Amino acid sequence: MSVVPVSYYLVLSAVLFGLGVIAFVFKRNIITILMAIELMLNAVNLAFVAFARAWGQLDGLVFVFFVIVVAAAEAAVGLAIVIRIYHNRQSLNIERANLLKF
Amino acid sequence: MPILEHLWIILALPLAGAASNGLFGKNWSKTIINSVGIGSVSLAFLSVLEAIREFSLLPDGQVSFFKNYFNWMAAGSFKVDFALQMDHLTIVMLLVVTFVSLLVHIYSAGYMAHEEGYYRFFAYLNLFVFFMLTLVLAANIVLMFVGWEGVGLCSYLLIGFWFLKQSAINAGKKAFITTRIGDFGFTVGILLLFWTFGSVDFGTVFAKAANMPAESATQAGVLTWICLLLFAGAIGKSAQLPLYVWLPDAMEGPTPVSALIHAATMVTAGVYMVARMHALFSRAPIAMFVVAAVGAITAFYAATIGLVQTDIKKVLAYSTVSQLGYMFLGCGVGAYAAGIFHLMTHAFFKGLLFLAAGSVIHAMGGEQDMRNMGGLRKQIPVTYWTMFIATLAIAGIPGFAGFFSKDEILDAAGSGSDAHLTLWVLALAGAGLTSFYMFRLIFLTFFGKPRFDEHKVHVHESPRSMTVPLMILALLSIVGGWFAAPHLLGKTDHFEAFLHPVFATYGVPAGLEQRASLAGAAGEQGGIFATPAMELLHAVTGPPVVLAIIGLLVAWWFYVRRPDAPKKLAESVHGLYKLLLDKYYVDETYERVIIRPFLWISANVFWHVVDENVIDGTVNGVASVAREVGGQARELQSGNARSYATWVVVGAVGFTVLMLGVWGMVR
Amino acid sequence: MSLPFILFFVFALISVGGALLLMMAREPIHSALSLILVMMSLAGLYLMLGAEFIAAVQIIVYAGAIMVLFVFVIMLLNAGVEERTDYSKMAKYAGIPLGILLLLDLAHWMAHSLIGETPANGAGSANVMISTRELSMQLFQKYLFPFEATSILILIAILGALVLAKRDE
Amino acid sequence: MEFVTQHAVLVVSLVKIVILLFLTLTTLAYLTWFERKVVAHIQSRWGPYYVGAHGLLQPLADGLKFLFKEDVTPPGADRFLYILAPFLALSLALTTIALIPFGPATITILGQPTQLIVADVNIGLMFLFAITSIGVYGVALAGWSSNSKYPLLGGLRSSAQMISYEVALTLSVVGVVLLAGTLNFNEMVSDQDGYYRLLPFIPRWHIFPQIIGFLCYFTSAIAETNRVPFDLPEAETELVAGFHTEYSSFKFAMFFMAEYANMLTVSFLATILFLGGWLSPFPESWTFLQYLPAVILLGLGVYLGYDAVAGARGIARIQLVVITCGALLLGALCLLPAVMPIIQGPFWFLLKVGGLLFFYVWTRGTLPRFRYDQLMSLGWKLLLPVSLANLVGTALWIIFPLLVKHG
């Protein structure tokens, strides 16, 4: 039973990451932008797991855990901030929250 | 316990005293403060004695004891250690400093008893002792400079001790700033010294200097410059022309201070420094001549001013200046030993004079003007007798300390290898004047009718704590010079012999070599005085003595026999009198020539032009430039997070392309 | 074309499609669901890679907790159709091309990575499952301190979220 | 055909799935009947009675009713999600059952070893939790997509409730995981085999050391499945029917079934984790016990037969006769030596599950409904700390001997 080479997974993770980046700059809705970040993190996780398997080491997987935890923390705080912004500006469009400038 | 190995103890004791008194003394009773202050100094004195005992046990070959405690600072080749050294010269200074300051401390306990800031006073005194000892014990010129500045600081603090008195504050500032001028030269001298010898260690420097040939008397070499610069510092510190002006004003300070700092110890630091640096000076004839000339002129000049002063302490101040001049004259003509000798004796009798004057002032309830005294002979006999002895000593009456030392100096100036007739004449005249104004002081103060209201002023003898030091010093003023007595009989001068190893160490030129051992020196000077008896006769009937007697008689004539004569004389030569009374208008001249222009320049150039335009302009300019740049750059901060995100992506792309690209290349 | 390849491509297509959907959808809730789709398929890929525990955690934490939070917030704020403003010229003109450039660059280098050809599930025969035991050994021995640190981090995050989201009366 | 031979595994599990699905759906249907009956009797009513004997055909009738109702989609609803939600709910609920082992790992059917489990995963527990954690979306999306305020509030509430109680649920189970030292269901069950050395009559079920965990688990399980007394999402008095207010006809039925499926799953899990799964509480030596299933079935058949003769009329009588025959037939089947060993595990397992389900219904029949804040505070302020404490205690309990041994 032949198996899939690592590079397939890596390319996939690269593509997902790129899409995440594109979404990150393309979307206007703050919540969606946070989702784009999550997408990037997921892509990175995929690369982690793939590498870990390729080298036959577990450290990569452990790091996946840490990435997930950080993602959770980030989501919690980020969404709290989103709620704040919505309460203050009645809008989720990131381009409308632009007071922090010169 | 081996003090010699741990010379730092001698320094540590007064410092500890100063620290404890200064930090905690505020709430302490006078007894504790006394015990701490006096105790620390007396302990220092004892440890000095112990150190001397141990020093005497050293093998004969060893001239000086040197010990390096720790490396203070090192920058490249510039290396300064906290190193102390001890040799005969140091011993003399140590004895003088510790002993006199001990007496002064005891005296102060009585004199300052009713003063505010008692603890402060003793803290300052101890601190002064610490710095003075540092200056004396230092084994390199930088450390010496530390002590040098330290004593300056203490002098400033103590002159301005009554810091509520404007005059006192001004006097303190004046002393500090004036000496600064000299110290500037001193500093440059140190730099030049290091630049020349590549070291600041006395030992190294002198050893190097010993191999250098003596410079010619016609054009100045580097040694000359070093010496002159250092001597500038000495001029400032020891109140010589033209920087003497601070010393008379320094009399604003408490009298014990005047006795200790401005008569016995600090002001003699310059002399000590010159003597310490003899290895350089004796190779720089021009510098030597300058020293001698300054000394002689100052000696005469200050004496003339002293003639007409009416404030008892001012008279003593000017006499100090002139006496210091004698010391420099001695060093200048190569008779370092004589200079140091006079330093010691002067410490005794001038300290005594000041303390006695203080006692007089104490008795008069703060009155300092001699015109309002007189006839105190009976009321305060102890003060009177001690002060009289001191006067005899300073006037150079044979048998008293001053006679021997001053005689040696004059002798060196008049008949030495580097003798200068003019200087000798000046010095002689100065000696005569000295005797005159000192006896004038005595007569005005103690003889004649009381010129004060005896019902108001209750004259009383000072307490024991003040009189005992007076007596001790009086004794010393008599016997202090007898080391040199045999010299008059053509035998060796013990004092000079004692110091001889120091001044002989670094290959001193021949002329001084003869002076150093005076055995039979008189024989060379002229065949006429063949026998010791004739020698003695010559000495005691020599010009100085004669002049001293004359001065005494004149003073007696003027102030005891014909008390109204001075006024007449003053009217007859009114111009001269006024000139002397106003001290040659030196202060006014300085005021006009230096201070006012200086202030004007500072205000109109440095303040209104340099500071306001150049410096402020630069700073504000930088600020405005930054503001402009920021104003342009802030446009990037659009506040739109998407733009920032895009910038992040730009960075990411650049980074990946760069890194992975490079990585790929490497691959 | 054997089973693993088929599975891989199915999952890959699902995930990429989900990502594209996430980008295209104008309703935040649709984006969220498509993201959940991506996560599911990633979990499947993890299973294929033999990291079953990671797969489970992926679903539990990401799909089951984080995304629920997202959906929850979307429902709470009743987030409607996203308005496509274009105030940021930078993002409008440079954003997408740069993103694509980055994507291609990364993909290219990943495709030519050193270990590209090594079989993807491990230095062993096919379908070796990573034992959860070893993983936990690693986590609780070698990486104990980072683990504790992350727990502190999450605690702080909770507090921060509380403080931020609290209605200020 | 060679595909079948190649992937025998796939085929077998396919068969298993079909059978299990059929059984489960039937069970769900009759679970409603069971509940209604029990509640009715608790409230001293008869409950469904007229549709078939003892209302046994009631579920069928309900199903038909749901099928023929008009399927309304509220205007402005997000169509896709509106349809997706119930499917998500039901499919996830059913999927979990694939992880449940109904019998010992090693039994032979038709001469080849088979497991009474669809997917024997190394970390079955984790996957079960994974799937249940996705279950929230069904509720949330339903509430969101029907574009109406009651469903929205209901969805918000129930999703919040499920998230909160999921934490307590998971934590309360970890104690068992520590004791068993595995995440695999089969190993867990076999870990509970045997008796305590000191008390030889008490089986080594985890419920005894983990009683606190069990209580926490079951409480939060009830809340997790939105059952009384925690059924706030469909608190009729406050928000009509909660998240599925707008749902009608078969979509509603799907939610309904999903709920019961969840009940099943939770009970299964409880049985496996705490009640020793398919293990019999009695020692092996009591061999006569293996006739128990047959005896029960036969007894049931006899009772029904008596009832048919004595009580029922018309169609009901016919039904009863049919059922009696079926029961008797099954009982006879259980007596066959080929079947008897196979039937033991599932028998005990289902017995325990049935007990739990009865408990479920019992609570529903007796307890009043909580208030929302009470619910939340119970979850976060009581269950969570208690289960945490239980976890720590268990960990110490396990660590202590090791410490003593290795110093």
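Things worth noting here:
Lettered A, B, C and D in written order, each chain numbered from 1.
Simple rule for what comes next: contacts are C-beta pairs under 8 Å (C-beta built on N, C-alpha and C of every residue); 3 or more make two chains touch, one makes a residue touch a chain.
These figures come from a predicted structure and were not determined experimentally.
In the assembly without subunit C, touching between the remaining chains defines the groups A, B | D.
Farthest from subunit C in terms of Cα centroid separation is B.
A count of contacting C-beta pairs for B-C and for C-D identifies C-D as the more extensively joined pair. The most centrally placed chain, judged by C-alpha centroids, is A. In this assembly, the C-alpha centroid of subunit A lies 36 Å from the C-alpha centroid of subunit D.
The centroid of the Cα atoms in subunit B and the matching centroid in subunit D are 106 Å apart. Centroid to centroid, with C-alpha atoms defining each point, subunit B and subunit C lie 85 Å apart.
Separating the centre of subunit C from that of subunit D, both taken as means of CA atoms, is a distance of 32 Å. For subunit C, residues that reach two or more other chains under the stated contact definition are 53, 57, 65, 74, 76, 87-88, 91, 95, 98-99, 102, 106, 109. Shown for subunit B are the residues in touch with two or more other chains, namely 638, 640, 642, 645-646, 649, 652.
A complete list of chain pairs in contact reads A-B, A-C, B-C, C-D. Residue ranges on subunit B touching subunit C, taken from their complex, read 638, 640, 642-643, 645-647, 649-650, 652-653, 656-657, 660, 663-664, 667. Residues of subunit C touching subunit A in their complex: 2-5, 8, 12, 15-16, 19-20, 22-23, 28, 31-32, 35, 38-39, 42, 45-46, 48-51, 53-54, 57-58, 61-62, 65-67, 69-70, 73-74, 76-77, 79, 82-85, 87-88, 91, 95-96, 98-100, 102-104, 106-107, 109-111, 113, 115-124, 126-127, 130, 134-135, 138-139, 142-143, 146-147, 150-151, 153-154, 156-158, 160-162, 164-165. Against subunit D, in their complex, subunit C makes its touches with residues 27, 29, 33, 36, 43, 52-53, 56-57, 59-60, 63-65, 68, 71-72, 74-76, 78, 129, 131-132.
Interface of subunit A with subunit B (complex): residues 21, 24-25, 28, 33, 94-95, 97-102. Considering their complex, residues 87-91, 94-95, 98-99, 101-102, 105-106, 109, 112, 114 of subunit C touch subunit B.
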